[in-house]
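Heads up, the next two complexes both have subunit A, just with different partners, subunit B and then subunit C.
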Partner chain A sequence: MSASTIRQLLGKLGALALTLFLSSVVIFSSILLTPGDPVAAIAGGRRPTPEMIEAIREAHHLDQPVWLQYLYWIGDVLRGDLGTSFLYKAPVVDLIAPRLGVTVLLVLYTIVLIVIFGIGSGILAARRGGAVDKTVLVATSVGVAMPTFVVAILLIWVFGRLLSWFPVYGAGEGLLDTLYHLTLPAISLAVLYIAYLSRITRSAIVAQQGAEHVDTAMVRGIPRGRIFRNHVFLNASPQILSISGATVAGLFAVSAIAEQAFGIGGIGSLLVEAAARKDLPVVQVLSLLLVALFVVLNAVIDVVVAVIDPDSAKSRRDA
Partner chain B sequence: MSALVLELDGVSIAAPGADEPLVRGVSLQVAAGEVLGLVGESGSGKTLSVRAVAGLLPAGFETEGVIRIDGEDIATLSAARLVDVRARRLGMVFQTPRAHLNPLRTIGDFMTEALVTVGGESRGAAEQRAMELLAEVGIGDPERRMRQRPGDLSGGLLQRVMIAATLAMDPPILLADEITTALDVTTQEEVMAVLADLRKSRNLAVLFITHDLALASAVCDRIAVMQDGRIVETLKAATMRADACDPYTQRLLSAVLPADLRTGEKGSDPVLVVEGLRKTFRVRAARGGRRESFVAVDDIGFSLSPGGSLGIVGESGSGKSTTARIICGLERPDAGSVSVKGEDWTLPARGTAGRRRRARIAQMVFQDPYLSLDRRQTVRQCLREAVGVHRRSDSLAELDARVDELLEAVRLDLALADRRPRSLSGGQRQRVAIARALAADPEILVLDEAVSALDVTTQVEILTLLDRIRRETGVALLMISHDIAAVRRLCDYVVVMQAGRAVEQGPIADVLDRPKAEYTRLLLDSIPHEGWVPQRRIPARTQSLPSVATSTTPVAVPPGRKR
Partner chain C sequence: MSVGQLAGGRVPRAARHAARRDVLFIAAAAVMAVVVLVSLIGPFLAPYDPNQLYVGPVSGRPSAAHLLGTDDLGRDILSRMLAGSPTSVFAPVVVVILATSLGSVVAVVSAWFGGWVDAVLTRIIEVIFAIPGLVLAVLAVSMFGKGVIAPVIALSIAYLPVVSRLVRIGARTELGKPYMAALRIQGVGSLAICFRHLVPALLPAILAQAAIGFGYAMLDLAAISFLGLGAQPPSSDWGVMISSGQPSLLAGAPEQSVFPSLMVVLTVLAVNILGARVTEWAEAADR
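Take a look at the complex of A and B:
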């Protein structure tokens, strides 16, 4: 690894840390912007006596200046103390940990579907053209127009009710059973992204197929499969990767819709519930988690793109 | 006569659904060791003909007639066999090497790809062979080049890489499609010298497509002249001038630029004065991650009178474009000054109002009208927008009246006003670009390689037009070009730049007819003319210019500058 590559990576890490810091500040500030007194939320329905209010304010450092409150909070988070849920009166860690697994599995399952069917259909449309292209175009037009909850309802009705092929409620037990249970939720999440990624892939590949260096490879008699892999798909991949990276990272947040629709107790549904009932410690920690995932995933994709196309990284830095 | 290796017999090519074929009954023969020139204006069908040979016609194009590669009629071959025949017997080199090499893969990948996948050689043997081929076309340090990507090499080097790669399968035929059009004259000479050597050492048959008749007559044995899809006549290069009898050939032959268009109004105060201009860029060093300074422009000074015309010539990387960009406020100089009509323009204008005020005085016309026009706008929309910037209170009818005037000024048919750039020829597009620049009634027109992408007859038209505009409106022209011939026609004063410095400057006749600097002489010698023998000059230049020549052009391509 050359010195410039290392410097580039260090720059990336610095930007990453800065983004995370700024977003943690924004997330923390949300507590100040929410209407209603946090003390009331902590007291939870009971009418607190002045002594209780005082005790709560002291316990939660609410009597300190705002910036100190932030430092207490972020210090706790970094040490692994994610705070206590106002609602359940339980440590946030204990709420998140058991639900994280199923959401991660759901998101991974969705990503696999998106990559296989989104990129696959995009490649197919670009390479075959004609009727195949038209079919994919129509299908993806429908796909991008279907909100996730509508897809979920359709899936529940068709595969759950009419055909009874898949379970429509809960997450199941054991890995295989869980995957079986997560099939419809994953499809419902994936449809929109499959359609989107298929479009992106198709147009990126069509643009690269018309590149002049592909003519060069044709004259030289390079086998078509190799031309496609090394000169068309490779060159289209930075575009496909950076766009799909940004959208796929958002899946953790969107998974809430599928979790609600299919009655899965994941972190998505936890987030929705916590937000609705002003359980701020839970909302803050989950928001932080989502932001971190999003930022880290995109940084990883940036690095992969820079490996594929070093010049793009250089020119961006010089510019 | 030695064996024919490439024959076209009555070849016609038609676009899908078109009534008229684009190429009609073309017959050509190229023998081993022979260079056949195929000459004609853009749109005459020369590129289509050669693409039919190479199997690169767009989908749906129909070909009739017989094409024989090495004696085999390609229509009788199976699809798989045809791919193999083309891969082994044909080499093709294109106009723009940068576009025709995959930017993401290394030169080594490119060089070895055909050897491994078509020739079935091992990776190691292919690499060895690739380095030999790179050495054969005169590329020093092939081992390092193999690891670089196209972005690290200059256009001239890339074109040699292209040629080297086509030689991998030892093909008997080389198809060369405008291979030096995108290169400056000295680089063109290098590439042509390489080609001449290869033809001798390998007994190559070359089909050489160009719109440059002077170049063709200098490097070809025979020349076929093409017009509107037909070959109007085929002539021996040596006696072409005497033998030409077709009126089209005669027109092409006389399409050299009319001499002495220029008349400068002397005496008035200069509209533009440039003094001691200097610009350095911080660039990555050729090796390692260090940064070093690259001096793009070094102590450049000149002045331009109203209605005058000044040319800056030099190869790519000489700093001529950077000079133009500084004058137009697109770059800020490290030292020196630019003053326009007595006003200080050294630093870029601040704010929209400032930029608009300067735009009324100086306008730019760029090299590539394909890129500098918005393809979604019709000619009228484009010009209306340009006029509207400076006359914001005018009504639509007033704007349109001004647009008509502009179209008139650039001699563009009013019927073309509702077309989009895609359906205009290169010359028509450049007229639109000039009309757009004239919209503001500027006092200085900066022409950045504005005729370099056009074929010779169109070039003549555009240069004549520019000169007429200069006389009619009194606009001063500042022409940036690598093409000395074009500068000679249009300009009355010239600055010759090399590696950022002005090696020579003065009235055009003094400099170009009695050049004092070695470099000016080299540039003049590189222009194809009768009795021209292309020479390899790289070694000599490498010694005199170590930093530039060893690190190649990326050093000379600072951020934001076009290649």
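Take a look at the complex of A and C:
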């Protein structure tokens, strides 16, 4: 690794840390920006009992200056003390921990679907052309207008009522049963992204197929399959990765919609429930978690792209 | 006889392609026109009171009396969709107007001044970009309570980065062109350059982005209503209708959820096609 690559990585890491810090300040300040008394905001907007007021004042260090309150909060969070929900009357970590697994599984399942069908149909459209290309074009045009909740509604209607092939409620028990239960939710999350990734893949590959070095490789008599793998797809992959990465990194947040529609008790449905009940301590920690996941995943994808294709990273930096 | 046939050959592929896309464009424009018209006068067209219970049977099929059927409380679905259209269509419009105008201002200021102004603004935009729109909306709802207003403001802020990044790159390219230097040498004032030359040059790209942004805003706001955090029942916002019809799906009465879903998909599809078209025009004008 050259010195400039290392310097570039360090710079990225610094920017990452700064972004995380500033977004945590934004999330923290939501208590201050909530109209009315911060104690009421933390208690969920209801009139707290005198004991609760005392507990909240102490737990959130409300007698201290604001910047110290922030430092206490972020320090606790970083050490794994996520605070207390006064509405659920439970530590926030006890609310999140049992719900995290199913959301992670759902998101991973969704990513697998997106990668297989999104990249697959994009490659198919770009290589076959003609009627296949047109079919994929029409399907993806409709697909990018199909949000999770609409797909969920259609799936619940078709599979829950008409066909009964898949369960439409809950997350099941045991790994296989859980995957079976998560199939429809994962499809509902994936459709829009499959369509989006398919279009990006297709256009990136079509652009590469027209490149001169591909013609040269053809003339040299290299087998078509190998040209596609080594000359077309590999060159198209940084663009596919970097554009789709940002969207896929947001899946942990969007997962809330599928969880709600299919009655899955993950962190997404916890976030929605907490927001509906104005339980700020829970919403803050979950927002922080989702933002951190989003930022870190984006950064990882950036680094992967830079490793695959140093040129593209450099040209983006210069832009 | 067409020009292509006169020339003795087949109609050029590109031309046929363009014509076919035009049909699509006209269809999309027609759908959008109907949607906008309905959202303006829809509530007055409603054949029934949208909130009146049991004007028809519970979960009734579409019939002559109730063209789209009735919901689980016997309310007329068509009337509810018409009554809900102003919120469903204009809330995203507000998001797009706020995000686009604010984002463009930030981008133009950023590109114009450069240096530390650019650095600071870019950093702020970067932080906003780090918070997904849905998370910002949920945060806003837990601060200000359920309803349309908090998500609309949150999404307007969340959409800033996409607009401002695009416009900033465009503005920098435009400012680097020779005619900008020529204008300065002629002694044209900064504000005049900005508003008579720079902003008009960027307008097609901004409009294209606004069209695409409308689609995203509509989907996000409907999703937030679907989650129960946006417009509240008995409002007949399309997202609310879709979620409140969910129990009826399993009872075999899909109309209440499926018809508003179709409206959302159709509207977003139409606006995406229009946006793609405007992008093509913007790119063609650039060449």
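The rule we apply is simple: the second predicted complex is superposed on the first by the 293 of 319 C-alpha atoms of A that agree within 3 Å, B and C clash if a C-alpha of one lies under 4 Å from a C-alpha of the other, contacts with A are read in each partner's own complex, and residues count from 1 in each chain.
Keep in mind that, in the parts below, a residue touches a chain if its C-beta (ideal position, glycine included) is under 8 Å from a C-beta of that chain, and two chains touch if they have at least 3 such contacts.
Predicted model only: the values in this text are computed from it and were never measured.
When both complexes are superposed on subunit A, subunit B and subunit C end up clashing with one another. Once the two complexes are laid over each other on the shared chain, residue contacts for A:M52 go to neither subunit B nor subunit C. Of the two partner chains placed by the overlay, only subunit C lies in contact with A:V283; subunit B stays clear of it. Counting the residues of subunit A that each partner touches, subunit B and subunit C differ, and the larger count belongs to C. By the touch criterion defined above, A:I156 reaches subunit C but does not reach subunit B.
Using the contact criterion defined above for the overlaid structures, shared-chain residue A:A207 touches neither subunit B nor subunit C, since it reaches no partner. When the shared chain is aligned, subunit C comes close enough to touch A:V168, but subunit B does not. Judged by the touch definition given at the top, the superposed model places A:V272 against subunit C, while subunit B stays out of reach. In the superposition on chain A, A:V304 makes contact with neither subunit B nor subunit C. Contacts of A:I243 after superposition on the shared chain: neither subunit B nor subunit C is touched. Shared contact residues of subunit A, touching subunit B in one structure and subunit C in the other: 319.
Per the touch definition, subunit A reaches subunit B in the complex via residues 2-4, 7, 211-213, 215-223, 226, 230-231, 234-235, 308-311, 314-315, 318-319. Residues 15, 18-20, 22-23, 26-27, 30, 33-35, 41, 45, 141-142, 144-150, 153-154, 156-157, 160-161, 168, 250, 253-254, 256-257, 260-261, 271-272, 274-276, 278-280, 283-284, 287, 290-291, 294-295, 319 of subunit A touch subunit C in their complex. Those residues of subunit B whose C-beta lies close enough to touch subunit A in the complex are 54-56, 83-84, 86-88, 90-92, 94, 96, 99-105, 109, 113-114, 117-118, 149, 151, 162, 165-166, 284, 288-289, 559-560. Within the complex, the subunit C residues that touch subunit A are 123, 126-127, 130-132, 134-135, 138-139, 141-146, 169, 215, 219, 222-223, 226-229, 239, 242-243, 245-246, 249-252, 254, 257-258, 261, 264-266, 268-269, 272-273.
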